[in-house]
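Two complexes follow with chain A in common, the first pairing it with chain B and the second with chain C.
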Partner chain A sequence: MIQLLVAGLTVGSGYALVALGIHIILRATRIVNFAQGEFSVVGGLFALTFVQVLHANSWFALIGATLCGFVLGLAFERLVLRPAARSGEIGLTIATIGTVFILLYGHALVPGWGSLPQPLPAFSGEASDVITAGGVAVGVQSLWAFALLLVALGALYLFFERTYYGKAIRAASNNPLGARLVGIDVRTTGAISVGLAIALAAYGGTIIGPIALVGGAGGVAITIKGFVGAIVGGLESPVGCVAGGLLVGVVEKLLQGVFSYGVADPIVYSLLLLGLLLRPQGLFAARGAIRD
Partner chain B sequence: MTNAAPILLDVRDLHAGYGALDVLRGVDLEVHAGELVAVLGPNGAGKSTLLRTISRYDSTLRSGAITFDGHDLTRVTTERTVRLGCLQVPEGRQLFSELGVDDNLRLGAFSTDRTRLADGLAGVYDRFPSLAARKRQVAFTLSGGEQQMLAIGRALMAKPKLLMLDEPSTGLAPQIVERIFAIVAELTRSGTAVLLVEQNAYLTLRHADRAYVLEGGTVALSGSAAELRADERVKAIYLGGDTV
Partner chain C sequence: MIARLRADARLLPVLGAIVVAFGAYAHLTGNATFAQAGTYAAIYAIAAVGLSILLGNVNQISVGQAGFFGIGAYSVAYCTAVQNWPFWPAALLGVVVAALVGLVLGFVALRFRGHYLAMATLAFGLIAVGCFHETKALGGAMGIGDIPFARLGPVSLSGEAAYWFAWAVALLVAALSLNLLHGRTGRAFETIRNDELAAEVVGVPTRRYKIFAFAYAGALAGLSGAIYAAYLGIVVSEAVSVALSIDLLLMVVLGGSGGVSGALLGAALIGFLDIAGHQFENWREVAYGVLVVLVVVVAPGGLAGLLRRRATSPPRAERGPVSVVPATRVQAPAASLPLAVDGVTKRFGGLVALDGVSFRLQPATLTSLIGPNGAGKTTLFNAVCGIGRLSAGRVAIGGVDVSGWQPHRIAALGVGRTFQNARLFGEMTVLENVVAGAFRTERSDPASDLFALPRSRRERREANDRARATLARLGLEHVAATYAKDLPFGDRRRVELARAIAADPWLLLVDEPAAGLNAAERTTLHEDLLRLRDAGTTLLLIEHDMRLVMAISDRVMVLEFGRTIADGDASSVRNDPAVIAAYLGTAS
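Then we have the complex of A and B:
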């Protein structure tokens, strides 16, 4: 039971960062990015390349993949989102869905990436190492994934709450016209927000890499579960997105453990519908904040 | 209306609108350094459009010239007008409603080099003591008058040469409106030029140096505030026939 919980928090860490990325892009640009999960997959593959080609360890691979994710996010904003914005909301939605397919079928063509999932090396020791406490064995790599999730959340919190530029990005999301009238270039803050969100996805795809493997065709499922998390927790609330993502991971693993692999997904998606019906604003909806 | 101070804002034959709609049909207007200039006029005359066109957002500039402090504003971004020192407190204030009072003010200095941000902040808190008491409060929880002061304070953080205010009295109680006008008048005495768009002609003409009356997208009348106070048409339409 505890093992299932830990496994759930591990995959949930990936969903949480995908959900948070969806939230950041939505807040900054009013765009729903359906390709967020694919970027998580591609980010994990960046890490794999750092390991295989540059013989980096998983730590350097994590840093490298995150930076590559940021640059990829800037390119995504400049080459896909900004041109598509001219054709309105529907054009943007189609553009992000198109990006899903480009990344889904395109990544398999990259030498070394292939179409089958592959493991990343462990962050410490062997991938199979466990820590036993109170008679319960917990995978060390799962603990790393969860700890690295907390590191990312802490860094984001400091950036958005304590730095001048982080606050400028929040201001630009909160009131784009007000931001322009103090001299903030909202296109730049929007682009940086997308870069950050894709960097987060890449980071998330890498920290779960030693356990959940990287690559493969799972990006769409990650996007959907990230979405379920974001909507259950509250799309407008960063805390809600993280909590929702973790919750989806835990529910998924518990269901897989108690029933069977095939039963979990339909129930997780039913959670989304139930959440939308019972609490459309999410479990952690912001209190009374007025949106324009 | 002799004014030896140099011209800060010079608007010549300005035509602007939205899509197919023409709103400004040849507006000429100037603001000298340190002057308080008012723009009066009925709803739909183009007062807000004039400010938006000067700040280069929303409206489409069709033709004409806007020169600010020697710079051509017709081909620049809104962010650039701010960096040049041409600030606007727009309709609806456009505060960062989810951020605190302190953060709203600090972000007002975004366009500056921010080395003297703390001094600017202290100056704004001196000018608006009620904001100083609410530094940590989230902006949307402030009263209407405090929000207006925060909006003005945020613009002052950018060290403006010209401050453009779009109907700052809207929705505020009379004594708060009096205070806002007193603050605006004080600003011009300390050297900041103000271009004030207002419905409240009585108070506006009491404080302004000069005024323009916009009607149907052109300047119907202009002159010193004293001249306009004495004008029969202004009295009839804007001052409700009261003697001023």
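Then we have the complex of A and C:
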């Protein structure tokens, strides 16, 4: 039971960061990024390259992957989101779905990445190391993943609360016109938001790498589960997104433990539909479709 | 809209000819791979047509079409391979179940828009594939194999026969879908795509049509899956995964969403590229992704949009003898009052926009509603039209209590309305806008539209003639073929008035019709409104132009902070101290 819980919190850390990334991009650009999970996968693969090619340790790889994610996010904003913005919400949504294709099949073409998932080296000791406390064995890598999630959240909090750019991004998300009037470059803050969100995805893909492996075709599932988390916790609240992401991880592992592997996912996805239906506030313009 | 459909109808025979030429080529060269690729293209084209209509004509996205495809495929697989049914009833079952599930998804989808709808439908697709994968009777992870080929009389539909069969079905589906779009159903879709609220107010039951669109797209995806299962002979859950949903979306976006030719082109293109690039699978899929982003950015109309731009000139107004069949006007109930408003209150959070407003309108009168900005005038119109829920009170129209009704039902009673900011259907021509205005007087249902039954065609003709007569009445024939979004401001208001009176309403609400009009236009408006009243229409008018109000009103009501502060004939209201205070802010 405790093991399932820990395993759930570990994969949940990844979902939480994807959920948070979806939240940040949604706030900045009013769009749900369907490729968020793919960026998480690609981020983990960046870390793998740092390890394999540059013989870096996992810590250095984590920093490298996060920075690469940031740059990739800036490119994504400049090459996909900004040009597609004219095509409206559905056009933008389709453009991010197109990006899923590019990343999903594109990463398999990169030498050393391939289409099969691979493990990332452990952050300390061996990947199989456990700490036994009170008769329960907990994986060290799971603890690292969880600790690194908290580090990221702390850093984000400081960024958004204490720095000029963080405050500017929040202002621009709240009221783009108002922000522009007080001299904030809304385009730049939008680009930085997207870069930050993708960097988070890459970071999330890396911290769970030693346990959940990196690479593979699971990006869409990660997106959806991150989104489920964001919906359950509340798309408009960053804390809710993180809590929701963790919760989804736990529920998924519990379901997998109780039922079979294949039953868990449909149930989690049903949660998404239920969550969307039962939490109308803040999700739709107003109750009912045609009220304005 | 009609221009696009016409281009579609013209492309269809060309596509048919290409299909025949390609099939003949594959036959003569004995190239089985070609025939196979062509067959799959046709199968996917069927599902793509449904998605194209959903996405391009109704503006609803679905990333879960593979779920419906799976329902059709597994129905055929289970019923024929396990239960030994023949193909046809199994396929019919699949299509019906897919349509029913589509109804349910459509109902759920009413709650979502844009990317939320995309997420919700994606979740549906994932749930569906999970269910197929986990159901023991459907073979679990192994799927169902040994599915017999479909038979058409003595012919087994395999190899080249399957190619001809699949394309015959695809083109038939395309032709029927074009009928549907040409008919009243297509017009309803188009109004929904342009402006849902305005669509409701002209009497389109938008929810019902959106649900229908989901069911239709679901049925076509189910049909596509049914033919697929019998052709391939095996169905596994991976084949109906999210990748297929996204592939279908890809075909529709690349080909151009809306109408049918884009979907056929897209399916054919992807079918061809799938074969041409089969050694470079990953590169091919990356290229698809890049193409999709490029299409969204550079050519939102897709391939069909590019072809159309070359092929069609701007729409021309058709001329010819117009013999107008009068609309079956909804008769005003003789005995009761056109409008009775009783204690209507509307709160937005803490703000009270309407505070217990009560009044009655006598038949064939013109009443003006005036008051400072924010007095609640437009909110009152919304309350009468059924837009938003009343906080308290009731509204009766023609003696019928309509509180809590949907706007389209109220419109169907014979109520017309214009908006302060002229909500025209921008992507439709002026004539199409006015035709849409008479939507509630037509009766044709989706089934008769689909098969272009005489009733559907006759109604379409009559609706066009009547709309042209309405335009003539307001002197607007010269802009009939102009797209509403390209109209100058003054004409926009007049066209909206034309749309509102197209169905001969006996109660008409007009919101600031004179705003922004020049003196000559105001005079015309003045005459138009009086003519309507003299013809028996009851009018309620919001207006700031006092000269106009005083000149034409039988009665003037003044609203301030959601309350009626004065009510009477023009001269008594003009001299009312409370009114003067409200307008000039006299210290009291």
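Note that the second predicted complex is superposed on the first by the 279 of 292 C-alpha atoms of A that agree within 3 Å, B and C clash if a C-alpha of one lies under 4 Å from a C-alpha of the other, contacts with A are read in each partner's own complex, and residues count from 1 in each chain.
Going forward, contacts are C-beta pairs under 8 Å (C-beta built on N, C-alpha and C of every residue); 3 or more make two chains touch, one makes a residue touch a chain.
On a predicted model such as this, the values are computed, not experimentally measured, just so you know.
With the C-alpha superposition on chain A as described, chain C and chain B fit side by side in the combined arrangement. By the touch criterion defined above, A:E89 lies against chain C but remains apart from chain B after alignment on the C-alpha atoms of chain A. Within the superposed three-chain model, A:S270 lies in touch with chain C and out of touch with chain B [touch as defined at top].
Of the two partner chains, neither chain B nor chain C is touched by A:F123. Legend: residue contacts after superposition of the two complexes on their common chain; A:I102 is shown touching chain C, with no touch to chain B. In the superposed model, A:F46 makes contact with neither chain B nor chain C.
Contacts of A:W144 after superposition: neither chain B nor chain C is touched.
Set against each other, chain B and chain C touch different numbers of residues in chain A, with C touching more.
Of the two partner chains placed around the shared chain by superposition, chain B is the only one that A:N175 touches, whereas chain C remains out of contact. Superposing the two structures on chain A brings chain B to within 7 Å of chain C, judged by their nearest Cα atoms.
On chain A, the surface touched by chain B in one complex and the surface touched by chain C in the other have residues 289-290 in common.
If you check the complex, the residues on chain C that touch chain A are 55, 59, 61, 63, 108, 110-116, 118-120, 122-124, 126-127, 130-131, 133-134, 141, 196-197, 200, 206-207, 210, 242, 246, 249-250, 253, 281-286, 288-293, 296-297, 300, 387-388, 407. Chain A makes touch with chain C in their complex at residues 31-32, 34, 79-80, 83-84, 86-87, 89-95, 97-106, 108-109, 115, 220-221, 224, 227, 260, 262-263, 265-266, 269-270, 272-273, 276-277, 280, 283-285, 289-292. Touching chain B in their complex are the following residues of chain A: 164, 167-168, 170-171, 174-175, 177-185, 289-290.
Note for the complex: chain B touches chain A at residues 55, 57, 77-79, 82-83, 87-88, 90, 93-99, 103-104, 106-111, 114, 140, 154-155, 157-158.
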